[in-house]
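Next come two complexes, and both contain chain A; in the first it sits with chain B, in the second with chain C.
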Partner chain A sequence: MSRPLLEVDHLVMNYTTEKGDVSAIQDVSFTLNEGESLGLVGESGCGKTSIAMSLLRLVAENARFDSGEIRLDGTDLLSLTDEEMRQRRWNDISMVFQGAMNAWNPVYKVGDQIREAMDLHFHPRLSNAEVEARISKLFELVGLNPAMMNRYPHEFSGGMRQRAIIAMALSCDPKIIIADEPTTALDVIVQDQILQELKKIQADLGMSIIYISHDIAVIAEVTDKIGVMYAGKLVELGSTREVFARPRHPYAFLLLSSTPSVTGPRRKLAPLEGEPPDLLNPPTGCRFHPRCPYATDQCATDEPPMEDAGDGHQVACWNWKEVPELGGLTK
Partner chain B sequence: MGKYMARRLFQSVLLFLVFITITWFLLYALPGDIVTQKFRTNPNIPPEAAETAIRRLGLDRPILEQFWTYVTGFFRGDFGVSFNQYPRPVTEIIAERLPRTIVLFLTAIVTYYWAGFIAGKYLAWRRGKRGEMAITVGGVGLLTVFYPWFALMAIWLLSAQLGLLPISKFLDPTEWRNAPFSANEVFMRLFWTVAITSALLFSVQYAANKIRDAAPARAIRLGGTVLVIVGFVFYWWGAGGVEIRPFAGDIAEHLVLPVLVLTLVNFAGIMLLTRSSMLETMREDFILTARAKGLPEKAVRDRHAARTALLPVTTSLVLAVATVIDGGIITEFVFSWPGMGEILISSVTSEDIPLAVTAFSFIGVMALVGHFVVDMLYGVLDPRIRVSSSQ
Partner chain C sequence: MSQPLLKVENLTKLFPVSKGFLRTPTDFIHAVDGINFEIQPGESLGLVGESGCGKSTTGRMLVKLMEASSGHVLMSDKTHTDDLIDIANIPNDQMKRFRRRVQMIFQDPYESMNPRRTVFETVSEPLTVQNIGSLKEREERVSEMLRLVGLAPPDAFLFRYPHELSGGQRQRVAIARALVLDPSFVVADEPTSMLDVSIRISIMDLMLKLADEFDVSYLYITHDLAVARYMCDRIAVMYLGKIVEIGDTEEILGNPQHPYTKALLSAVPVPDPSFKREEVEILGGITKAINPPSECRFIERCPWAKDVCRTSDHPPLEDKGDGHYVACHLVESALTSA
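Right, the complex of A and B next:
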């Protein structure tokens, strides 16, 4: 169950631009085990999508991997040829894109677009009837009427399109599904339904999922582990329960304390002040230091390494021991 | 789709009625009493003959009745009698001229759309690579060139200087002296050849795109194309076409230069349009999806980017129809191509009203038919229109 399936190892990625390098992924490491679900959270522009795209090696043309590895079952994806990588896409890792509303080509039937992926990756090739049977099954799994496979994308509502995308992501039995803000464009009720269904599907089929969101509350319910990102860096990584109950990194702490909790104890809202940093010129030392209430002189010059804070809960902060318990804020 | 077609057809007919009404009244309201000028005071026609002609032409009837007679006649294929070539029916004149115009422009449009689309597709795909700049600049240059000058230069260079192609006209009269065919028969054959060959080639592509596996799809595409070409050769060199072939060849040879010139000045527009449409499509999320699915780059380009980028290019076909009408007059004039454009000018300047009205009406018909065909094509290509309009 807990064999490491995906290992991201000290990954560094920059976007080359006219104004200089944008440091979108800075020394990020995490592992994802078989059947596990990991959430990546952080504010807009912190590099979540960049990580997702790196896993498929579908980054923008100006992206440059400077160091690190992305190992899937022990093979470094960054060292594969384009053709080898192409054959792994969707077969090993599939993706539900951010803003997946427009992820369908308007001129082809939804079923045909799913079949397109299966024709590429399914060995041995399935007959027409088998493909149809499989798509029907997948549609039922995600709560769609199988007859819809013969319809065009514009005949689907937003939620239905998203469900169909999930069906397509499942179509080739991938080892990992990446869901980048899978429900942001949907209303809250549909959002919750889809996340719950994804969770159920994952439990039934046993693949691993990486959820990406800027809203920690949305994915907390469906993930085993959570990684908190700030300005291109992973600053905290631990089991969802741990991170929620006792965030160690000042940024995670402020993020959680500004998330109103319905079920937990009443929390005083501590605002997160200042602007997210410009990744063209990221702050030296700890990238959070200009906004951090716990910052010391060391923070401005030295980059804090990832440290174990007990029980595999990792944090990159010089002063994590100073961060109070969440409950400590309630007076 | 059927319902959509019927509705569009109905709209087209309605629009045509409005068009023909305006045209008819405008031309019959030309300054001066045409009847008097052309017949009564014409020194070449004896008075009795003039009166007979006026009666036979129905010019003594009330104006509304004349209009009604014309419109009802039009739908029966009877366009009245020419003033200047009296008593030759207008129908006969049009039947002679129309195929010449259609063959020339249909060939040109098919050629330059095809060339422009392919060029634009590669241009967008190879963006930023070598050659892009040169092709774009060359294209814009051709697009902005003063067309009549360019056509004359082409005639001068290719025909007069190098002697590669016939200078102008649509056939070589010396070869036709004892021809067993009228030029018109040959034009009709040519027209059907162009139309059927294009339709077959298009169908082959369409069928091949529907096949899931790459290998049989390629076999169908290749086999189908070869079959169409073999059929073409068989017809013209073997079966029914042997006798007529030298004459068709003569006309085809005369067609090359105008088609070439029309292609050169028009393909760049299609190329640039395809390019920008492609570039826009390539930024769409579904292109990312296609890549994420692990599709080979060629499939992403052709099946997803180009197929979708085709939609705005198809819309522009409507504009091509307009080009036929205005550019057509210039083209026919420069290349001494006796088609509809030439009739349009000569009939208006010589006040041959029935002929002029009919020539204008046919231009209207051509525009509406072109528009209708483009709409249908668009419906076939874009399911959003096809599906929503059939419900």
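Right, the complex of A and C next:
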């Protein structure tokens, strides 16, 4: 099944600011296959949204791509003209933006706002009736009553607004959807319903999805593959099952050890000491070294490369072999 | 059982739904609707449920930041008698003492500190208000608190302003402030939900450690059942103003009885991809209890509702054994028919 659809290859991106460069994406590589779901997880400020915005080339004006490629079906998106990129956006890759459910324009009907997005981006030009039929179908797909398309955003609950955002992201029939914290502000029951629906839509339409979340439990529910980020770097990448069963990077290990769960034995959690670094002045060597219990002298000076730890499970750490088994978490 | 620290009786809060000026309101949100529970000394009770179910309103009434529409909050007051006193009737000359014994920690570490006050001013303020100690003694006490909450060395933090602190550090300051007067009861309203996971655990561990050391009781408000499990001895599940189930934490999570608790629990994402969750059905429904009907508050969303649910009032919380209380007609009949 799996043909590489999207390849991010040694991507480096900095934000230029008065105080200096913010190193938001540092040498990140990963592949997304057709029909696959990939999760990017990490704490606030580690660069998740920066990666998402880079894939759509919708980064802030002060963003600067210094090296690397983002290849979609073999074409480097960073080398396209603005117009060529505009053609691909929404049609090839679309996005559920972080916090978008609160960004509906209150004075227009929800259906009209989706129609506008389709008018701007959708390739096959559709008649009004066709657009309406399509929105209607999309609403059903995301679990909304099609009649709701003639309602205003304030008549939608939070969960309904997010479903409509997902319908909009699907409107141009993309190959890839990036969902940036798609359920973060929602109650757990609504979150679960939306995640299950996304899973089903993905399977039915054979789409690829990149999920972005700070919540590893959410990522565990919906993805085939997971990338753990720390301070602008991808530090571990592998199948979700593998990474959760046997995290190799000390940060991934501690993140999993410090996540409470309603299942499994009730256990003491291991806190991660310290705080994530300021990306204006990221630590030298391994960016995790000031907080890492496994750090050795080398870690403060040399940046660890991504290394294969078996079964395509990759890790960027000099001492990954020292990281113990995760006791009890997956029993 | 020993004398509770806190006893809540039929506590209720109705908010009028305003319908234009000068009109007497006829519609009310039943934010908290006749709830009952107790908290033992040193115990931590988790209050969980969806957004808008009345958790914060409950917490605010317990610390007298908001007045109840009806019902009572009774608190033990060891220094006087063994009796429980109604916090609504605390005489003015004893209010200061009450304010000293109960504290609240809020969700947003960015709003819980005045931006123009230093850490020292924020943490020492309760001492100043209570007229406790000389300036030097207060300085010592504040330094001690900062060390306890992990802001060490204290000298490095005492004269910082909020914008010079991270979110986690601010929440530590809020905890130091809440605990500086050695309270016996603290309402913690989602104290870690705005923080990153890595910081969350150290704050939770800190609160557990301090509870242990100072014998503090918590009402720990959270929408996250996994967090409640980590923090709390018992859990109360709230749905639209009602407590629908309450009991020991492991009992509630391992043996949930109320249809809502079951649905809530089954929807919690689990950080283990090999775990297969049980799907529990729940219907869509209202999210605000405005003039709710007298039947079970959950009836609209309950896939198991039977005739008895439609013809009876909202079921009372009943003991199903070992302090596990459930408010559901069917759970009761299931047990009696068994």
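In the analysis below, the second predicted complex is superposed on the first by the 315 of 331 C-alpha atoms of A that agree within 3 Å, B and C clash if a C-alpha of one lies under 4 Å from a C-alpha of the other, contacts with A are read in each partner's own complex, and residues count from 1 in each chain.
In this section, a residue touches a chain if its C-beta (ideal position, glycine included) is under 8 Å from a C-beta of that chain, and two chains touch if they have at least 3 such contacts.
Remember, it's a predicted structure, so these values are computed and weren't measured experimentally.
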{"item": "Contacts of A:I189 with chain B and chain C, given as first, second, both or neither", "value": "second"}
{"item": "Contacts of A:E116 with chain B and chain C, given as first, second, both or neither", "value": "first"}
{"item": "Touched partner set for A:L141, first chain B, second chain C, both or neither", "value": "neither"}
{"item": "Touching partner for A:N102 - first (chain B), second (chain C), both, neither", "value": "first"}
{"item": "Chain touching more of chain A, residue-wise (chain B, chain C)", "value": "C"}
{"item": "Contacts of A:E221 with chain B and chain C, given as first, second, both or neither", "value": "second"}
{"item": "Residue ranges of chain B touching chain A (in the complex, touch as defined)", "value": "212-213, 284-286, 288-296, 304, 307-308, 311, 381-384, 387-388"}
{"item": "Complex interface listing, chain C residues touching chain A", "value": "50-51, 166, 168, 196-202, 204-205, 223-227, 229-230, 250, 253, 263-275, 282, 287"}
{"item": "Interface residues, chain A side, partner chain B - complex", "value": "56, 58, 86-91, 94-95, 97, 99-107, 109, 115-117, 119-121, 152, 154-155, 168"}
{"item": "Parts of chain A lying in touch with chain C, wherever the complex brings them together", "value": "43-44, 157, 187-189, 191-193, 195, 214-218, 220-221, 240-241, 244-245, 254-256, 258-264, 266, 269-273, 275-276, 329-330"}
